[in-house]
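Encoded as structure tokens, the structure appears first; notes follow it.
A, B, C and D label the chains in the order they appear, each numbered from 1.
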């Protein structure tokens, strides 16, 4: 090693020097080849100390420096900066931790002296093998990915767009708007939901900053705040979106029908369909799982019916790769599968409905165009709404979703509006009516209903065509019963969590960074969460949280700001790598890819965080952990074992 | 001008390296024409005295195979080093110790105690071979048998290495050509590509990027698939930790690599490097789970160091007495 | 203290060989020793290894006959796991073994033993090699020798992965079988090998048998030892090189013993001398009586002539005919004529080639069923095959995991170790009188060695000339009194110091 | 050999164990001078080869300390260490190096006390085993 090495001993104002034989230590250091200068200072981290160090480095034109002092944890940066200022590569520094891990932990002066010597010699031997490294920084990407296009997703996207950011809004369904777009009215204002949300939908769909990707799913995510690489799978709609007018000629002619989940299964849809009347964007998709043509049969009825020749059976799925700086997860929630609560007999006794079904019966864009009728077509005369169906129940949902009660009040009003003479009963434990408008809204509503209080136990049974409800040792019969379950995370939350490497809470909602201080950040820097994906909440809270996430990310992702990336990364020597692939699965940051051309592995230095695990596992020594190379570690081993 | 003198010598080896030379078939004739084989005990009138009589450096190049197992071998190669301008360690045994190097799991006492007391040995008096035996007519002598097998470069300075058990013809001819044409790489070069075997393996393409190793298998339990990566099948294949250039002879016979070419330049210890690569991919996140997989690896030394024990960092199994020899 | 003659070194047998000849005060031979100063200790370092790795480890005992070790080891491992390979696997193994035998024997005749006869014992040493043979039989033939060897070795490379140290034997079968194309090539090679073997025998007849001097040399007294013989035979007592029972005949040719591999310990024991690293096998039931021959001495011999001596015949037609012809000329069975080893070797060459064709013609070797996966473990197994240089025995004991606890090896090449000492001593006694070593001793000793084909033949597989022996006569003080060696023309040079 | 002072090489990960060792010092706790620390970014960086190298260079014992499973700064580096450890120890054992000469443990940044305890325990363990001197053999005939 032909470096000019300088060794600087920090007395740490006698905290160190009192506890060992300084001269002995320094004498040893002086004997080592390559050490051209050895000096002590009372306190190297002090302003004078720094000045001293800088001058010494210049004066003795050192190109590698050992600082024997406190822990590198405290002052490695400090001294690296000094090297840099004096024109020496900052990585030409090696600190010998002779304070915390030597004199302070070793009462015996002689032992401390010997150990300090070993550490200093190891540092000298190591620094002789150091290489100059260049710190790298990348410009952070200000663009945003929003996953889920319910009210929360749309609100977030809108905010980013307002700030002029490019937004990718990804929705797995054919249409945007989530649940809200499918209900008639919202509490407490009883405002028309479609009227309320449609403008938001249209705005987003037409926003030049926002690329709406419906019928699409996330395939792969890599990276960190400021630099995420995301692969998005665009499922084939089998429709030419430019040519399609949304005239609706195609679906009536489709010979296939299945229950439509967007109507809670109350009505059927065809293989080619739009989820519900007025869904946006107004473009049908072909469900290839049930389409005859994709079952190998020769059917082209929809294509024949299309005036614009917009049906494209040959359309293929496409994976697009986008780079964004931040991500918002707004995948929403859904209602608990109430059929799991056996004693309520949902799906077994005709006339028992769940919230969504009721909403759709009420909705004028629903299957009955707003008429509340039973399967036989008659309007129900006597209706019961059962609150907390499955909620606050250890066997089902232990928690209270906090929005069902008020929503039920809304249903009461909708029902009374549709069937004024209907007899309406509410079965509840106690009402949860949060918010400044909640109580008033409930009080006003309850005048319209006959309420039964019950204590926990409730079940239903079939009694000749009617539904009997048994509670509090009393029974009563109804034409229609509405069960209102609580809110759970959307079914694919788990998959999303894995893709984005996020933590979930006990109930499967995305875990917030802090349950009080920061509910809009996920467990991963740069990924925000909004809406029911984080916890059950109403529209108002969802919107607020969405706006919050936007604020956080906009603050973090300032265009032009540089993000420093790890310097001590691992690199794979192309000449040496044999392509055994043993390293690839080891990287916690998926930073290693296999180059099919060259048949070797490559490290993406932007993603690499420098843990060196792959280097430790590389059987041909091709993977080299910068600043922690074998050679450098062995240099230390050699001295500390002397 | 006179042809360059070439010497071939062998130590603790099997003769396979000589076979490899003979397997050059027609090619060997061209070699024989180009050089003057000054010394080849297998082939020529062996006169140690003749070599002793040579001037230092008179031999252009000595190809020496076999590990160093006896004092005689050590003396012989020391002399050859002196007489030769270049010394090439020829084959796995000279390069990294080879199979005879596995003897470093034991020592002279252990070996004598077994070899001369086997079930079939009729040796009631417990006679062992002696370096000196006095008989009525005089004294018979034998060379000393070492406790530890050494690679050639642990005994003398080596210029180049021809790896393999045995080295394949193309590498041999390549080396000979390089020497004859004076196109020599830097001293210490192993005359085979500095990449792992996987780079040439026909099964690399189909090998998945991620192979979580749930459990290891033995060839006693399964029949190896003819196209899947052996590790993917749970069978130990030293390919990832082994230098390429062999022509994947074992893989072509549907058998996993055992590492006869030794590691690549950057690796000090072939076995340790392989342990790092293999075990990091164990599908285990608890000590218990890791132990469960490890349990299947009954003979780590025999598998990970089958050819390279003497050249490994620890070199031999450590004997339960303080100090080495 | 007697005078001593040191022959050091002779060509190696897994290491150098060294002969010490001691003269009594009359200057006549009092004692002669063959010393083998080499040992690698496989029996020891096999301990602790996984037994299924043994077929990959043990071939390294000998790079000249690795295939034989691979086969013996493979069979021993099958036994350890108590598994019987499918017929196809057995046939593929024997096919490889036959290809190897053919190639190895052919090489010996033309490259090593051949020159003595074809070119002539007293020809200049520069001619006493394959080149000399070429001069005699024509370059075309020489090219044939090289090419047939290459092609035969390719069979092993193809099926065994490596020709030097094959790897294909796994417990209960082989790792791969031949493709149809490979099979066709193998068959072609086999047929050519048969022609080649017949040509070799013809050459032997024309050049050797037609020359009375040679014949006298063969049947002469110098190269005779009346010993027991050992070799593998099939059910009908025909020579089999891959499988069967071990048969032993006494010096009269009567069956002395016949045993299966697991019984070998009842029949074979090895004697240890402090002056050699090699052990000296003998027949347990006769006992060790020193380096002497005759029915009282347990010394037995192995390899070609021994195998033909123990067998009732050859299992293939062409070889059988040659077998009968040979014993007729040699004056019946058994033949004790060491130099007849060469002849017997050629007959085995023919047999191996014929067997190769038989096996290659068998469609079963194309079967997919080449493996029986072990279901349990027995924990002990013995595998025996005939290596070119004799009966080869591998014996393993393992724990329940199949890890070797004990390994015992009786390697073919030492089968004749005692006999070789005797041959040397005999030649010496014959040729050294009153302290004067006649010039003839050189070639006589050389020929005695080459006849035993020596994995001394490790040494002999070279295109240059066969090894030469120096004879040093030493005074009691160890001073060299005389040195006998050959000059480049093969003339004996006597240097008195 | 009461006067035997073992040399122990301790590989510490930067984010947990090294911090823990620092805090032990800051709190003026006591840890044997026999333990010589080498810092790596993550315990996942520590190669089996480095452990062998330590022994061959004169270490009597080797310690590998990392973050607690689940707490790794690099998510899962310490799991890789854990996986390799089992096979490494087994191999060393086959080589005749007692498993007691090597240790893998988890020390968080706050576990200063634990650091001092395990380093002391390890030192005693190795002291009992006595020195490790590499038996690398030679080419001399005599057996010990």
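Convention: a residue touches a chain if its C-beta (ideal position, glycine included) is under 8 Å from a C-beta of that chain, and two chains touch if they have at least 3 such contacts.
Just so it is clear, the structure is predicted and the values come from calculations on it, not from any experiment.
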| item | value |
| --- | --- |
| Selected interface, B-C versus A-B, where C-beta contact pairs are more numerous | B-C |
| Identity of the most central chain, Cα criterion | B |
| Per Cα centroids, the chain farthest from subunit D | C |
| Where subunit C and subunit D are represented by their mean Cα positions, the distance between them in whole Å | 54 |
| Mean-CA-position distance for subunit C and subunit B (Å) | 26 |
| Averaged-CA centre spacing for the pair subunit D and subunit B, given as whole angstrom | 32 |
| Multi-partner residues of subunit D (each touching 2 or more other chains) | 47, 49, 53, 80, 84 |
| Two or more partner chains touched - positions in subunit A | 586, 613, 616-617, 630 |
| Overlap residues in subunit B, where contacts from two or more other chains coincide | 70, 104, 145, 267-268, 273, 276, 278, 280-281, 299, 301 |
| All touching chain pairs, where touch follows the definition stated at the start | A-B, A-D, B-C, B-D |
| Contacting residues of subunit D [partner subunit A, same complex] | 7, 9, 18-19, 21-26, 28-31, 33, 36-42, 44-47, 49-50, 53-54, 57-59, 73-77, 80, 84, 116 |
| Residue ranges of subunit A in contact with subunit B within the complex | 575-586, 594, 599-600, 613, 616-622, 630 |
| List of subunit A residues in touch with subunit D within their complex | 71-73, 97, 99-102, 104-108, 111-112, 114-115, 118-119, 122, 568, 586, 588-589, 609-613, 615-617, 625, 628, 630, 633-634, 636-638, 640-642 |
| Residue ranges of subunit B in contact with subunit D within the complex | 68, 70-71, 73-74, 104, 107-109, 131, 144-150, 155, 267-269, 271-273, 275-276, 278-282, 284-287, 290-291, 293-294, 297, 299-301, 304, 312-325 |
| Complex contacts: residues of subunit C adjacent to subunit B | 1-2, 4, 9, 11-12, 14, 16, 20, 22, 30-31, 33, 35, 37-41, 43-45, 47-50, 52-53, 56-57, 59-64, 66, 81, 125, 146, 149-150, 153, 157, 159-168, 170-171, 173, 175-176, 264-265, 268-277, 279, 281-282, 284, 288, 371, 373-374, 395, 401-403, 406, 408, 410, 455, 458-465, 467-468, 470, 485-486 |
